[in-house]
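Both complexes shown next keep subunit A, but they swap its partner, so subunit B is in the first and subunit C is in the second.
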Partner chain A sequence: MSQKFVSRGFTGKRERAGGQGARVPPGQHLVSDFPVLSAGPTPRTDLARWTFTIDGLVTAPVSWSWADFQHLPVQDFVKDISCVTKWTKLDTRWRGVSVDTLFEHVELDPRAVALIASCDGGYTTNLLLSDALNGQAFVAYEYDGKPLAPEHGGPARLVVPHLYFWKSAKWVRGLRLVNKDAPGFWESLGYHIRGDPWKEQRYTDD
Partner chain B sequence: MRRPLEWQIATVKAIAQETAQVKTITLVLPGWTAHRAGQHYDVRLTAADGYQAQRSYSIASPPERPGEVDLTVERIPDGEVSPYLHDVLVVGDAVEVRGPVGGYFVWEASSGGPLLLVAGGSGVVPLMAMLRHRAAAGAKVPARLLYSSRTLEDVIYRQELEALASRDGLEVFHTLTRGQPKGWTGYARRIDQPMLAEVSGPLGTAALAFICGPTALVETTASALVQLGLAQERVRTERFGPTGT
Partner chain C sequence: MNDNDVVRDLTLDGNAVAGLLEEVFGADMTTADGECAHCGSANAVGALRAYTRAPGVVLRCPACGGVIARIVQTPRGTLVDLRGAAHLAMRR
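Coming up: the complex of A and B.
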């Protein structure tokens, strides 16, 4: 950390926070648009072949079709989101199924401490169960009142708003329960294993 | 050996105007480590009262220049960090940075090819690092760059790209979307699938593709390349949009 470093002549554009500065994590700035970031091509999945599966350390795996998934109890979420590329967006409106609701359909093995989310396109990300339960994570399929656009992760993405947004895996297709928190895609490529924006856990050893 | 990415205080060694809105800032780093072409640095500005702002900027230089990096920065008119870097920063100033960062949108000579690079605007910066690295490492991997700019005056690194393209194995294709000089023989439209088919065709479907630019360009290009037969895991994208101010 720099204690006394000052950038000569820098004052900043603080009005950007618009009185909402307390909601913006360190090193982040507010945006009003919704930037798109991903590591590769946007996958296009036929809804007729879409499934969502919970497996790994559960007594019996469970899988839903798209139609079945639509019948799960749905919730609306209004959340602030922060991307490790430094933007923060306030009051984003989502509709989806909470991970708690999904887990009501499986019996967790007591050894399960973490999960790996897997996605169309091969992306993965890891989450501790303590970051996934109790209303902290959901699988969203609507954004701002409309079906989630493919470039934003549609048909469905994980949303874990209290962590950097790479944890909110686009095109998510399943959660695998595991007995050890092991790095996913970005976590293996220099990004932090947990990614708490309020602790500025951007890179591996932050 | 892994070590935390510490903030360090770099010194501005040189500032070069690339185009009307783009400058390259050469930083000397006390804790320089070799980057991989395609990676970026985080820049953090601190006001006298402690207020801070951070942004990421792609490295333009190859890793074969120990002790320093070039960051090429587009000035975003309503931005917070890029106007400072353009309008206030002078040679000799100190800048707080940490990096290099990024582990997927990277190319090293050992990564092989053939290499297909597609850029929009200042999205060319990390791709330029790859081409400079390719040249510095003496790599003979066949490479093609398709580069979309608004006008000829907006093309960054134009002369250096010409010089690089006169060497073995690299071809550069420009498209100018908003205006073309008299006698222009390059492309004159937004990047589309037929253009990508023409440019990528000779490289075959085993090409390794890196795409960087605004979201619409990246979406179009990545989808088209998959349709043209490239494996999706060999199509790597990095995006910037109107955000990134």
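Coming up: the complex of A and C.
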């Protein structure tokens, strides 16, 4: 939490000095388009067969159909996002369900400290619970007022805007609670286990 | 830009990363034969699907889509994951 206040203080000072530049983390540049990055082909998931599951270290796993997921309390989010390939996009507009809301439906085992997000196509990424809760992460299914396009991760993607965007897993289908923060797809091959753009945590040991 | 343009743009073959592979392996790899550890199919490395608009390069099997190789270049070196390749055969 203290970290948050420190960076807010910085933002205030730099905002007066440099406008939008104060919102751009070190080593990043602003873009106005929305680059598409992908480690594999774009899956086309039939919504009739789509499910979202929370399992692992929970008392009882929970799974929603697409229709059920649409009935969960929804929120709008306007967030700046930063990709490790060095682009930053300001004020991206999303609609989705916060991870906090999803976790209201499960009882976490006290040993749970992290989660691994799994996706259609086999992609995974890891997150500490301390990076997933308190409004910091959500599962988005609309972008800019429209259903989230498949190339941007639709039907639904995890969005964790305070970390590099590889953490915002496209085509997300579930979160598994685990007792150890174990590296996902990119974190296991040279990328930072956490990936905070303001600390330039790009690669392992940064 | 419609979906199909985007997807087509992202899907290259192994020949598109010939230079990177030569840097990593010290030889032209595009004509090397690779066996997919997931499904057993054999393909020239140049015929694998290559995904390069990503934090690293991902080579996938054209038959099953499984990941055959991942290559990440960082300021401190190059990392290569070949768990998805049962073997690679380089010609002399």
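Definition applied: the second predicted complex is superposed on the first by the 188 of 206 C-alpha atoms of A that agree within 3 Å, B and C clash if a C-alpha of one lies under 4 Å from a C-alpha of the other, contacts with A are read in each partner's own complex, and residues count from 1 in each chain.
The rule is simple: contacts are C-beta pairs under 8 Å (C-beta built on N, C-alpha and C of every residue); 3 or more make two chains touch, one makes a residue touch a chain.
Only a predicted model underlies this, so the values are computations on that prediction, with no experimental measurement involved.
Enquirer: Is A:A60 in contact with subunit B, with subunit C, with both, or with neither (first, second, both, neither)?
Expert: In the superposed model, A:A60 contacts neither subunit B nor subunit C.
Enquirer: Regarding the shared-chain residue A:A149, is it in contact with subunit B (first), subunit C (second), both, or neither?
Expert: It touches subunit C, and subunit B stays clear.
Enquirer: Quick check for you: in the superposed arrangement, does A:L189 touch first (subunit B), second (subunit C), both or neither?
Expert: Both subunit B and subunit C are touched by A:L189.
Enquirer: In the overlay, answer first, second, both or neither for which of subunit B and subunit C A:K86 touches.
Expert: first
Enquirer: With the two complexes superposed on chain A, say which partner A:A48 touches: subunit B (first), subunit C (second), both, or neither.
Expert: neither
Enquirer: Counting residues of subunit A touched by each partner, does subunit B or subunit C come out ahead?
Expert: B
Enquirer: Output check: A:G27 vs subunit B and subunit C. Expected answer is one of first, second, both, neither. What do you get?
Expert: In the superposed model, A:G27 contacts subunit B only, not subunit C.
Enquirer: Mind working out whether A:L37 is in touch with subunit B, subunit C, both or neither, as first, second, both or neither?
Expert: both
Enquirer: Need the overlap of the two footprints on subunit A, from subunit B and from subunit C, as residue ranges.
Expert: Common interface on subunit A, subunit B vs subunit C: 35-42, 85, 122, 151, 186, 188-190, 203-205.
Enquirer: Quick check on the complex: what are the subunit A residues that touch subunit B?
Expert: 1-2, 5-14, 16, 26-29, 31, 33, 35-43, 85-87, 121-122, 151, 185-186, 188-190, 203-206
Enquirer: Please give the residue numbers of subunit C that touch subunit A in the complex, ascending.
Expert: Against subunit A, the touching part of subunit C is residues 3, 6-7, 10-11, 49, 51, 53-56, 58, 60, 65, 67, 70, 72, 74-76, 79, 81.
Enquirer: So in the complex, which bits of subunit A are touching subunit C?
Expert: Residues in contact with subunit C: 35-42, 84-85, 122, 149-151, 166, 186, 188-191, 202-205.
Enquirer: Enumerate the contact residues on subunit B facing subunit A in the complex.
Expert: Residues in contact with subunit A: 2-5, 7, 9, 44-48, 51-56, 80, 84, 88, 93-96, 101-105, 215, 218-219, 222-223, 225-226, 232-233, 235-237, 239-245.
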